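Report on one structure; see the data block that follows.
Chain naming follows the written order as A, B and C, and within any one chain the residues start at number 1.
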Amino acid sequence: MEIRHLYESQQLTPRRLSALMTRADELKELSRKGPRNLPQTLDRYIMASLFYEPSTRTRFSHEAAMIRLGGEVIGTENAAQFSSAKKGESLADTVRVMGRQGGLLGYEDIVVVRHTEEGEIKKASEVSSIPIINAGDGPGQHPTQALLDVYTLQSEFGKIEGLNVAMVGDLKNGRTVKSLCYLLGKFNDINITFVSPDWLAMSPNIKAYLKRHEINYRETAEFEDVLQSHDAIYMTRIQREREQGISDEEFQRAEDMFAITKDNLPLVPSESRILHPLPHLHELQIPYEAEETDRRIAYFRQANNGLYARMALLEWSLMQGPFEK
Amino acid sequence: MEIRHLYESQQLTPRRLSALMTRADELKELSRKGPRNLPQTLDRYIMASLFYEPSTRTRFSHEAAMIRLGGEVIGTENAAQFSSAKKGESLADTVRVMGRQGGLLGYEDIVVVRHTEEGEIKKASEVSSIPIINAGDGPGQHPTQALLDVYTLQSEFGKIEGLNVAMVGDLKNGRTVKSLCYLLGKFNDINITFVSPDWLAMSPNIKAYLKRHEINYRETAEFEDVLQSHDAIYMTRIQREREQGISDEEFQRAEDMFAITKDNLPLVPSESRILHPLPHLHELQIPYEAEETDRRIAYFRQANNGLYARMALLEWSLMQGPFEK
Amino acid sequence: MEIRHLYESQQLTPRRLSALMTRADELKELSRKGPRNLPQTLDRYIMASLFYEPSTRTRFSHEAAMIRLGGEVIGTENAAQFSSAKKGESLADTVRVMGRQGGLLGYEDIVVVRHTEEGEIKKASEVSSIPIINAGDGPGQHPTQALLDVYTLQSEFGKIEGLNVAMVGDLKNGRTVKSLCYLLGKFNDINITFVSPDWLAMSPNIKAYLKRHEINYRETAEFEDVLQSHDAIYMTRIQREREQGISDEEFQRAEDMFAITKDNLPLVPSESRILHPLPHLHELQIPYEAEETDRRIAYFRQANNGLYARMALLEWSLMQGPFEK
């Protein structure tokens, strides 16, 4: 029996994505009547939540998805400093111990990992007896974020194909935009616009991937034009902590240049949507009132979609497919 | 529908307090037959436990209250260092993401927060779609502690009105005594005695509040007199970490001066009660034997009351009042 | 009613051990049909998981044991730095607050502790109203590890008496080998061989204990001989962090000298077993293929046994003996 890992967004085929989004929609509808209306499909399953890097939002979202479907969680929010990582054990060995042994249950039934090293999670999945979900691996990928991002596009526009998507900010270090590109590469008739300072441009290997998949993309720094002409504007935070040798002034200039504020927000058409993986800083300076009432602001709905997309993903990994039989 | 936050003890009216204490008493009685005898009123609800400052006791007490009534917990014990707080996000934004979106369930259904900044929790409650409970906000308040303190007075004396209460130790930095004063201000015929070194005296705005609410208070350093003449003696730890420019000798002198030891314990009348929010250090030097058998020592019962008071509070916040309909 | 603590492995009599291992075997068999086939004997009980020192494996194993039997967990993975330990409270006082008060339920029903100070856990057990399990106390003991180690010997060999056991590596600082010696001391006809550099030799008081219990032991540095002539070879990691004044070269030499590699693995007879408390480093350099298929490699089964041994232990502590009446 195949073990259903998710280590990179390329694994999500349009067919699988479609099944996951359909299930997410079902669960979303059930949730309207409160937490007791959700099916307890993951009852008695245990998820290990291994975070080698901090993340409240991503961790809480996965844990809530597990718990709302009846599952249990055992976690560490500081795996790097306090776990046996300190003693030099590889993630692969950590996961081997946690998983099944022969026909016997292990400590956990599924593992969600955020790691500092690109590729470590994929490597661990090769030896793991239970499914591993990548919740971000250093400068690598963040495939569950890509899943919820595409689910948000589907929810907001009723389709994915044919959309014009702008990605703005730190395209060099952002694993969310990287994973989103890999996923959008699987759809037809997508146009992508990359908007960033030169020194934070999208990496050549992603651009090569898009070319191979016949996705149109272009690069520009004309932010105001972009705001007026895209279905989705995917904003990201400039990750100062990942860049060396850039002055504070230069950071500041880039942050000011690629920010949505109350001044340029009116440029965005009413049918367009502003997305952001959150947490946001200077790149979004939108008044509270607008955030609460303006339909163009989609990022809180997007974060909420993460809960339902991850519910569907956990079911798919753990149950070998109630909706795929 | 009103969202039932608790950010400061002034929100707890005598009528609401009375309902909470009655419910806490019911739950306490049910608990005598073991954990399986408690009603699972919070089944399927999820509490976020966000601690930006360390606290095992307060955190465990809230989490146990939630779990004993059937609820679930997702938490971080180090929100400040490891959560997206590092990336500069406000508590308000953190909580907005966690809460409900439109009619949809969010990651959690209620949030318990300990924060480093006074007022941040109240601010977050203004934008939150789910209830927020203040578990201590820097030098600000600690209203659930005040709730359990008053509940302890009620349990030990059968009443709150008419009591003489001494508060001893670090009155300047102690948020528990501050919150307790705000709460006692709502009752009649209370006498408060503040006992501390000058440099740790109760703040003027609390004294002004008490005056407005016609609560008698006085200040003294005559600790032995106080021990002999009060119903409740509320001891607190001197928070060295919050005071600059005080010598070790001066700290030591204050700690020795305002401590209950086996020598002055006999001064306390048999109907009086010694309270303490715990953990205690030098200010309580009472032999283990006495702690276990002497009815005057109320602080372990007080800590235990926290469990039941918080159960009642969580029910009130989450269930919109099974006992208030 | 006796409170069933486990603070040192000497408390585990052969009769009690045998009952625990029988129950572990039952639970193991039940687990073959998945997590929903396990009895929910610990339903509604809460375990406090207090880790003053890092340990993912031991913590996860205890927490999984609790949860797989229907129990709940409230934990801290960094008790030393973030709990009220910082404010100077003793473990004994921490545990007193958590436990029962009079006939009333406390925050938790059982406490699992890993502590930095030898003896602190035993001290806390003397005042605790709920059971305490020692999950490692500094250079002291690790009795649940000894329990699972002996359970592994029983599972692999069908018996414990009559076995020749080699313990290899850091015998001075390793609490697992110490606890295992105390436990093996209760059985007949055991032969123990200690293999280590001089400066990491087994401590005299353990050797004295073995003498008193008429256990044969000897010390040697002839690792190759040992590999060829023992039923069980119990490998341990050299704990560099616990030794001062040893050069890197000396550490390296010791690690090379007492390591199992693909070169000396063939010396181990086919009926012998290699154990290790994990995580492992240089002392085990066995190819992945062999680890997966070679029956002599027992350490992943050993780690898995920890889950079932701890389930049986938690039941015994919490339920006052479903299998001992």
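Everything that follows uses one rule, which is that a residue touches a chain if its C-beta (ideal position, glycine included) is under 8 Å from a C-beta of that chain, and two chains touch if they have at least 3 such contacts.
Small disclaimer: the values here were computed from a predicted structure and weren't measured.
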| If you fit subunit A onto subunit B using the CA atoms, what's the rotation angle, as a multiple of 5 degrees? | 120
| said: Do subunit B and subunit C, two copies of one chain sequence, contact each other through the same residue numbers, with over half in common, or through different ones? | reply: different
| request: Go ahead and note the Å separation of the Cα centroids belonging to subunit B and subunit C. | output: 39
| query | Touching two or more other chains, which residues of subunit C qualify? | reply | 77-78
| task | Mind listing the subunit C positions that touch subunit B in their complex? | result | 43-46, 48, 50, 72, 74, 76-79, 81-89, 93-94, 96-98, 101-109, 127
| Residues of subunit A touching subunit B in the complex | 28, 31-32, 34-36, 38, 54-57, 59-61, 63-64, 67-68, 73, 77-78, 237, 278-281, 288, 300-301, 303-304, 307
